[in-house]
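Chain nomenclature is as follows: A, B, C and D, assigned in order of appearance, with residue numbering initiated at 1 for each chain independently.
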């Protein structure tokens, strides 16, 4: 299974590299481009895990539409020079890093130590081919999860209206400050 | 004694990848001061969660996890839409999206 | 259609009407609102008819359709479901509610056409019907209680519909508060019943109750029945809680017809009939119910004699008729009580709508001393009103005769009854005949005393059609419950359909067999009392209009007492309400200020000082808050995973 | 994944060839475009260099490569350089997923003293089970090239062009995706190969054979029209070329580009056109299939052998694609440019409702026919 692991490590490297780019790059637009690439990497992981449909959706919706919005908004702002890209305050930052470190080390520690999760290895999963998963996915969405699906539809409608009305707001109490 | 299998890729590797990406996203939210970059950090965290869903779904041979990913993506799109709209209206008023300037609700 | 769907449509049609009309409450488009509300009622009525016909085709011994929606409360051994049952008893109720309700909605379209807020009015009216259906269809006491409170709310909203008038708003509040007393009793009754039987489901309750029959005082079951009766008193305007109903006439007249004559006020009777097996186990309480009913019938009728407001007369008449029904259920005459409930719904709704038509024609004038001779101006109203009058005073073959007579016969002859109850009943019947004839005479007959600037005219078709339909029902409505003795001599021997219908649904009561002669005699006595008193009233108010004056002068003290409604309101205010207010003021000034307020201030001061010490944590920076979340997550994770 | 060296080698070569095909079709298309526009506008066009001006393209290529490089004066050099390269990627990835002809089977044979095969080589870059979803996902990344170009150029015109382009692309992506749902419902799959196989032969409705090929366009005429319009918008060509509207924005997002970098944007654009034409053919015109009265794939294999049949069908596919590429050129020189508000109105208020209605009606009909 060498090809498998090589692909995994390559994708992991890409994702983590570009995620760190989001975190570290002081230029928000470049950070956004980094995020796009990280998302393409995640889509690659999805393809690799034989969830092709989700990979396609990830590319089309996430990388293709959502992130374009981010970049567009950032470009509209046209921020000259990012002032204080990172939060100041020594203690606070130490606390933030500490919290992140605790979370990640705990999770990794537990993942490695746990015997339950070890059960499922890559040898276990072979049966699903990409297209069949898509059909099962559709069946599930339109039967078992149909209520959630409809609710999400309504949510999207509300979001569309809300986003338009929020971005059209003018004036207000702090208008001049 | 920890023995880590670096060659055979299994569920654990994906979980660790997801944990790392999640924490990077979390740190983006915690450390970056640009509102939009903070939103991007949230997207990163959601992506990390999606990786776990898909990995579990793949290794347990259950498609239900993928349904959740589908929903998470929808929610993320919705969240991005509203979040960006708020950013736009904030920018319209203050000509700035640096979070450290918005501390009016000090206790 | 499945039964569930029928139930859903039956209940939801008025709810949908309420929601739509409620959302567009500012609209003045009375036609749209009216059509919407009426069609909702028509759909409900159709569902009721279908459900009832399905019941009719079922085995009589096991005649009920149940539909459970979901578990509502499930705590320990206590389990309440939101479920609906239609059986022989509730079928009558839903038919009356939706059928009469539909006619009254139709009438309202014409009545409310000049009002400012027709949408709101119809929304309230539909919501009332929804709650009433909930009350009637609920298969346990809790669902019934929801409906019970809901109809109370709607009643309050509709009495105070013209809330800009302080008096009308006050009448609404009076109704609501008086009902609260009864509701508290009802709730206590539910608690006691649950304590005794561990269930609030009607079927279970009725199945369990006979096992504990003939209990004495102090038993939880007896207390439960007593408290339930207090609840019924509040809702159905019995002594001592009847005072709200006459004031409730402040609302629009169709509301008085629907809520305060045909449906809501009969909820108490319905509740007791529904729990008949439970009440049968407490004969002392039954006796109290009978006595209260009889007393209410008598006193309300006597007050009605001296009222000059057309709606007040009808209101006291309603109280009196409700007294009859309670007298009926008190002596175990559940079937006749339901029968009277139904016929009363027909003829009292008819008379209220008729009075509404009169008031409409007289430009909001309600004083009968300023009417008279309206027969010519309002031919349809006058004719239908006459039908209602004949029904209420109990002239055969009109509807009221059969039902009232059944109640009187039971009160005399059943083993829970007593002759004195019959005597009171007959006196009340005589008084009823008197004041109703007086009302007829002063309103429609005799010389016109209408002010010169008022030109009464017949109402539009939407108002007269319900009157005609209800008039027909007032005539034929009684024929489904013709007593055996009468049926035996009539050609074709019509059976007592209603008794057959309710046979398996209500508890049996022992009646003397082969007492037909006695029954005929009693019937004759009550009929002649009513007839004579009607003739006397006609004589006094049409032939010799000055005689009432003379009588009032001669018995001025008695007249004064009755005219002022026995000073009940004044007594309530002087002896109960004002002392309570005074005591509360004392509590406020002394206990509240010195102890409770002080304790609150000190507690708040403590919290304030505590808060000011940690308020730096809330520094307004979003990322600091995010840090708190992250730290919290880290700590939680270390507990779970560490 | 490739099983042995031969298979891996062939597959790699195949990818290279397909990429080169996309790149090499550009000069041809440029010539067609220039000659075509000249023909439409009643003038000559390039006719001096070589026969019919065909070698004009070579001269152009030399000129592009040797032109002086121009770099905007801002610290955005990486993005500036990356943009043209990114512009190539979506088109290439998407085009490689479209089947260009029937698969070729290779029998067992001896080479270098070893026995190889049997193999089946697909006549496409690679097969993805989810076909169209992948193509839509990849081509939606095309917006980034324009955004990067606009941002990296540090130029207001470029920025406006980029913003317009990306807004236009995400607006029309909705209608594009929805217009395809109808055809997907009818063929009940995402897979290109299966879609093409389903369009073989003659159209049969309720047992009656109609004198029409069994092509998607006859099932989804409205879907086809919507798809064509959306695809025009996606490729940023006239009448949707607002991102580079020369009368308003100089040249939009590639104002600052010249030489080979400019050329790469051209390649990206023509690659997009190629993918669009390929999709049209695949979804609505039976892919590489011939109409029913001409020999079908099986007959061709039987009479000419597998390889020849594949080549013939590939030529059929190319002919169909070429027709649509010509339509692209034709439309460009026929219809004037939209105003920006008209563009958005068309996308959101006309195309989207029509696409939705088409989807719903198709879904109802399909449901009714299947049950």
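Heads up, the rule we're going with is that a residue touches a chain if its C-beta (ideal position, glycine included) is under 8 Å from a C-beta of that chain, and two chains touch if they have at least 3 such contacts.
Note that this is a predicted model, so its numbers are computed, not measured.
Engineer: Return the chain pair with more inter-chain C-beta contacts, choosing between A-D and A-B.
Structural biologist: A-B
Engineer: Taking mean CA positions as centres, which chain lies farthest from chain C?
Structural biologist: Farthest chain from chain C, going by C-alpha centroids: D.
Engineer: With chain centres taken as the means of their Cα atoms, state the distance from chain C to chain D in Å.
Structural biologist: 76
Engineer: Would you mind pulling out the distance in Å between where the CA atoms of chain A average out and where those of chain D do?
Structural biologist: Here chain A and chain D have centroids separated by 29 Å.
Engineer: Using CA atom averages as chain centres, what separation in Å is found between chain A and chain B?
Structural biologist: 5
Engineer: Compute the distance, rounded to whole Å, between the mean C-alpha positions of chain A and chain C.
Structural biologist: 62
Engineer: Two or more other chains in contact with one residue: find those residues in chain C.
Structural biologist: 623, 627, 630
Engineer: Residue numbers in chain B touching 2 or more other chains?
Structural biologist: Correct list: 26, 30-31, 33, 100.
Engineer: Two or more other chains in contact with one residue: find those residues in chain A.
Structural biologist: Counting only residues that touch two or more other chains, chain A contributes 53, 57-58, 65, 69, 76, 87, 96, 99-100, 103, 107.
Engineer: Provide the full list of chain pairs in touch.
Structural biologist: Pairs of chains that touch one another: A-B, A-C, A-D, B-C.
Engineer: With touch defined as at the start, can you tell me which chain B residues reach chain C in the complex?
Structural biologist: Residues 26, 29-31, 33, 38, 99-100, 102-107 of chain B touch chain C in their complex.
Engineer: Show me the residue ranges of chain B that touch chain A in the complex, using the header's touch definition.
Structural biologist: For chain B paired with chain A, touching residues are 2, 4, 6-17, 19-28, 30-34, 36-37, 39-41, 43-44, 47, 50-51, 54-55, 57-61, 63-64, 66-67, 69-71, 73-78, 80-82, 84-89, 91-94, 97-98, 100.
Engineer: Quick check: in the complex, which residue numbers of chain C touch chain A?
Structural biologist: Contact set of chain C toward chain A: 623-624, 627, 630-631, 633-634, 637-638, 641-642.
Engineer: Spell out the part of chain A that touches chain D in their complex, as residue ranges.
Structural biologist: Answer in residue numbers: 3, 29-30, 33, 36, 40, 43, 47, 52-53, 55-60, 63-65, 68-69, 71-72, 75-76, 78, 129-131, 134.
Engineer: Which part of chain D faces chain A closely enough to touch in the complex?
Structural biologist: Result: residues 1, 79, 128-130, 133-134, 136-138, 140-141, 143-144, 147-148, 150-151, 159, 162-163, 166-167, 169-170, 173, 177, 189-191 of chain D touch chain A.
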